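Below, chain A partners chain B and then partners chain C, in two separate complexes.
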Partner chain A sequence: MRKLLQATAAIALMATAAGADTIKVGVVGPFSGSAALQGRNFQAGIEAWFALNGKTVGDHEIEIIYRDLPAADPAQSAALTQELVVGEGVQYLAGYYYTPDAMAAAPILEEANVPMVVFNAATSAIVNASPYVVRTSFTTWQTSTPMAAVARERGINKIITVVSDYGPGTDSETAFIKAFTDQGGEIVQSIRMPMSTTDFSPIMQRIKDSGAEAVFAFLPAGPQTLGFMQSYVENGLKESGVALLAPGDLTQESDLGALGPNAEGMLTTFHYAVSHDSPENKAFVEAATGWLGNANELSFPAVGAFDGMHVIAHMIEATGGEQDAAAAVESVKGLEWVSPRGPVSINPENRHITQNIYLREVAKEGESWINKEIQTFENQGDPGWVAP
Partner chain B sequence: MQTILSIGADALAYGMVLFVISIGLSVTMGLMKVVNLAHGAFAMIGGYVASYVTQQMGLHFAVGTVAAVLFCVVLAFPMERLLFRRIYGAPELIQVLMTIGITFIIIGIANWLMGPTLKTIALPDSLRGPVDIGFRTIAAHKIFAAAVGGAVALGLWYLIERTSFGIKLRASVDDTAMAGALGIRTKIVYSVSFAIAIGLAALGGVVGAQLLPIEPYYALHYMVTFLVVVSVGGAGSIPGALVACLLLGAVKTTGSYLWPEFGNFFFYLAVIAIVSVFPNGLMGRAK
Partner chain C sequence: MSNDAKTMTIWQRGLRSDLIACLLIGLIAVICFYAMPSGLSLLTRIIAIMLLVLSIDLVTGYGGVATLGHAALFGAGAYAAGIAAAKFGITDPLLMLLIGTIAGAIAGFLSSLVILRGHGLSQLVLSIAVIMLAREAANKFSTWTGGSDGLSGIAPSPLLGMWRFDLWGKTSYWLAVILLLVVFLILRQIVRSPFGMLVKAIRQDPIRVSAMGAPVYWTLVKMYVISGAVAGLGGALSAVATKVVGLDALSFELSAEAVVMLVLGGTANLFGAMIGTTVFIWFEHLVSSVNPFHWLTIVGVLLVTVVLFAPRGLTGIADQLRDKFGKGGAK
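So, the complex of A and B:
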């Protein structure tokens, strides 16, 4: 038995010694398929970080190994994650665009002795799935909650909620309703739309008939938002003064060009706007768009990936390149830094990022449309997180 | 009452958009007996061309529409000659495999050339914004789409039922050998019909782009919807496709007003009900 232990220890030592100069980071995300743009933003965030900080931490070189997961597919996510750990011997796992993918990969972490840095997946419960999960994106609860205060400040009493019928949609609905009714508002109706909806006119008719003063909406970033916003304008809701309030997923920068004047003046709450005015963001945007080649493709997953790389680099430094997931995760608890989105920190309790949430207005700047930040809700945690 | 009228107007508009895009597929499947799953891909190409012409080149919507249809028609001839002609009369499985393969290739190329973001088509001022039709406001482009749908239905019916080309097409489809023996150049007839079907797909892609936005996965997202229209209406029947579109449009719009959380449940329930009662579609010819 002792011999066996010694042998394993020796092999383990050799493995770490051999791997000391290159540290592999496995990144799982949608690099093809209908969400390929979000995957490209993961890459843009990582490449921007390399461009600004170099590919080495101390004398350890970081090597990224990408695995493509085009759609939410838990079984495939678990398989890819396992293959990265066993086949490629990665020391860190990162990426994960969809919640089910992150959930499916989480049980592997402890046994593999590998921390996971979630670049996007936004359901509060993910951090409870394993003590080795750290998240640098946002949660839908975090971005939706401040909108209730915004609505109340503007004297809105009656609201109808309209969300896409899937996890983040219902999260957003629950978060907003809780915050809004806590502050004395009234929810007149709640509608859940199927993900496949393309014709939103009947929904707009419902909104009109409900007598609400404003709509709180959540749809996933992408093609659907275009039809939704267009219907909102064409059915005369915008004209009749029914305000449209939403988290920033609806007005992600890569869709704004297409949404154009239909979204003008729309209020959203979110953690990151490409237009954020700070030297850190300027450097980030320049590096990320330099890699993307097209300034209009930059969107929020890139900043999640950029800060994720910051966290991973800190972990590598703290553990001296050794594979020690527990120490690595411990080292970033309470870590504070200035991200392109503003000052952020990792909450030691749930390993989720604490950050500013901004109220933004869609506005035209020169020839292009931007999310213009007009109000800041400082140091927002995740109100949706419940201790396990 | 006002709500009912409103839903009726939405249903009509949605149905007509569906009709313009699907009717070309009804022609290829019903008359040419080709299960062309790449039909949506051609509608998407049309949308991309119109988007490029109106947004990048800044030309008028009408120019964009004509360019989209012409581009697809011109593209259709070599594709018909080199690819589709090989699968006329082949078993359905082979047709499905080949056309879905073409779809994936077109998606890949679209993603590579135009990028994964959604593209819009610039509308002229006359089609932009809401129009007051008495009891409500409705988008001008929806009225336009409904009008185009009506025009396409009439034009196509006239072409197939009343012109000598229509007679030749129907003859070639019913008995290619006999039609050939009577001096009809069936290959040309097939090429032209295929091109017309593709041109209609492109027109549908452009006119319907406000409801079904153009992005690389357009070709796959709406494939089922187009196939459903053809099977409910009866392959090859223009009035059938029209009735199917209006009926399904009404069911879908009413369903998503009253019970949005049920999603497409009522849509597919109606499809199942209709297909069980009319196995060949509402106005399909018995096999």
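So, the complex of A and C:
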């Protein structure tokens, strides 16, 4: 009886050893609900990476296991992550669109011996939550800060900030105000709008009354932004020459069709534009839109996922497919490569991506609207990160 | 055996059936533990939500108060326990649970003062106002609550200094199971007590109850406080188990979903709340892992089916079956 048990155990062990050739990557993201398009962009990025690099690293095959998290829900995120690690036996965790979801997953990484590659969630503090977190997206601080220099270069002295009253909004506001006042600008007023605001006329009136030369705004991408821009134009602010400055979340490519002429000439700073001119980006866009089937759906989360896969592949290669989170994370510290967004590297200190931030202008190219890159801020780190 | 049953008082007989029910729940918990070692954190989450649904059953099922804002009490417990741990360093899990329970009871008391002013539709609207206000307050005071980024940095110390909160979620699972059993036993006694009967009577005819000289308003306030304590405990359990609290704990969606679970299981008997929660979350989890892209549609179909064919919920079906086949047989 005992021998039989031992034999069974041995066979089971051999089976797991043979199975190690398939490396499972758990991807948590919004694949249904109102943010489903961002989740599809995660998939598009992953599929584009597979299309260009193949599904194998060495003799290890990568298998993706998707889990749906339609809205920010940390309890559910913790449950899904735990189940992916314990039940599915994933060696890598990836995805995470919202900050609280990434925060909820981080505490189990060390015990699980699993690195986590964040494809989107953009609050600076996430990388401090665990030494096994690596991020290939951006932070709101990173994309908002260069806008201050842009405003100063254009001779703008007085600015009013208008942001949605939630984490990324206040992050963006704080980042911009700090950089702008450091460079000698003046903030005449700061407005925080409730998340559920749909009528922006009173806000526009306050902007007019404030005497500001420009508006710095942050709203979550989607319907709200559309309403805000519409109101901005209808209330004559655009006509009277009050410039609208914002991070690129507001003019993500999948919204540009709907924003249309309202956004024309608007200046945004961001880490990635689908129109970025490089051979790497051309190949990426072709592969990603090939999977999406609709070129207008491609947006920034895809590039976060694409580069995330690059990082994961590098980790698999460095560890030879073994499950060793510490070695895997160590191997990508300081890693440099050319991403579709331009040259990037992983900051060894905080495991966040260092990248170019581009100033872009909304312009029409042929029939479609694009974010046209007109200036580059090279090698930007995360100014919002504070060492723990 | 039947002689024994006859000589027992109603109270004793009730207690005996409660203990049997507890054994049954415990047995199911043990089976789940061994059958699904990888799903323990899902099961813990189910139990935390179950406490919320039980607490709604107390005021809605028994008391007849219409509310879509009960997650405010759940969230109060979660945030109180979370803030105690993250900001004041109170990391003892039992103490955190106690703080959450008290916070839930206080939140229950305060919100009942508002909600019980209205009746029917206006009551429903007031309850929605309560949850909206609570959520906005948590969003505004982001230095305390972490706002929309969520409150992180909650690190509960080992339970009783012996059991660490591990990756597999074993400690939080057993903690949750024990809490559920204790709460279930206490609530069974409460709903069967004269006080519980009074609450039921108020649901049936509040005017008659007040004509009898019993205080309608304050009885319901009391029930609300008890309900708040249970919901707060659920919230605190969720904070201890997941180590993060987010604004979703204070959302209208959670309130509404919990009511849906209660209706699915059947109101005014504590089993309905437990069965409804389990079936709903389980089903949701199952279809969303089979098809992460279109699962919401399938959940919608389930709900429509239940409302159409079993308006009294899953326990309602069981009651009907018992009435049908149990009539001629022995009691």
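Rule of thumb we're sticking to: the second predicted complex is superposed on the first by the 370 of 388 C-alpha atoms of A that agree within 3 Å, B and C clash if a C-alpha of one lies under 4 Å from a C-alpha of the other, contacts with A are read in each partner's own complex, and residues count from 1 in each chain.
The definition used in the following text is that a residue touches a chain if its C-beta (ideal position, glycine included) is under 8 Å from a C-beta of that chain, and two chains touch if they have at least 3 such contacts.
Just so we're clear, the structure is a prediction, and the values are computed from it rather than from any experiment.
Once the complexes are laid over each other on chain A, chain B and chain C both fit without any clash.
Within the superposed three-chain model, A:N347 lies out of touch with both chain B and chain C [touch as defined at top]. Using the contact criterion defined above for the overlaid structures, shared-chain residue A:P194 touches chain B and also reaches chain C. Looking at the shared chain after the overlay, A:E239 reaches chain B, while chain C stays out of its contact range. In the superposed model, A:E111 makes contact with chain C only, not with chain B.
In the superposition on chain A, A:T56 makes contact with neither chain B nor chain C.
With chain A used for the fit, chain A forms the apex of an angle whose arms reach the C-alpha centres of chain B and chain C; rounded to a multiple of 10, it measures 60°. Of the two partner chains, neither chain B nor chain C is touched by A:T174.
Of the two partner chains, chain B is the only one touched by A:R206; chain C is not.
Shared-chain residue A:D255: touches chain B; no touch with chain C.
Legend: residue contacts after superposition of the two complexes on their common chain; A:A72 is shown touching chain C, with no touch to chain B.
For the pair chain B and chain C, the minimum alpha-carbon spacing after aligning on chain A is 6 Å. Residue overlap on chain A between the chain B contacts of one complex and the chain C contacts of the other covers 33, 36, 165, 194-195. By the touch criterion stated above, chain B contacts chain A in their complex at residues 3, 6-7, 10, 13-14, 111, 115-120, 129-130, 136-139, 142, 210-213, 215-217, 252-254, 256-257, 260-264. By the touch criterion given at the top, residues 33-34, 36-37, 40, 165, 191-199, 201-203, 205-206, 209, 222-223, 226-227, 230, 233-236, 239, 254-255, 257-258, 260, 294, 296-297 of chain A touch chain B in their complex.
On the side of chain A, the complex with chain C involves touching residues 31-33, 36, 66-68, 70-79, 82-83, 85-88, 99-100, 103-104, 106-108, 111-112, 123, 125, 129, 165-168, 170, 194-195. Only residues 37-42, 44-45, 48, 136, 139-140, 142, 146-150, 152, 155, 166-169, 238, 241-249, 253, 288-289, 292-296 of chain C touch chain A when the two sit together in their complex.
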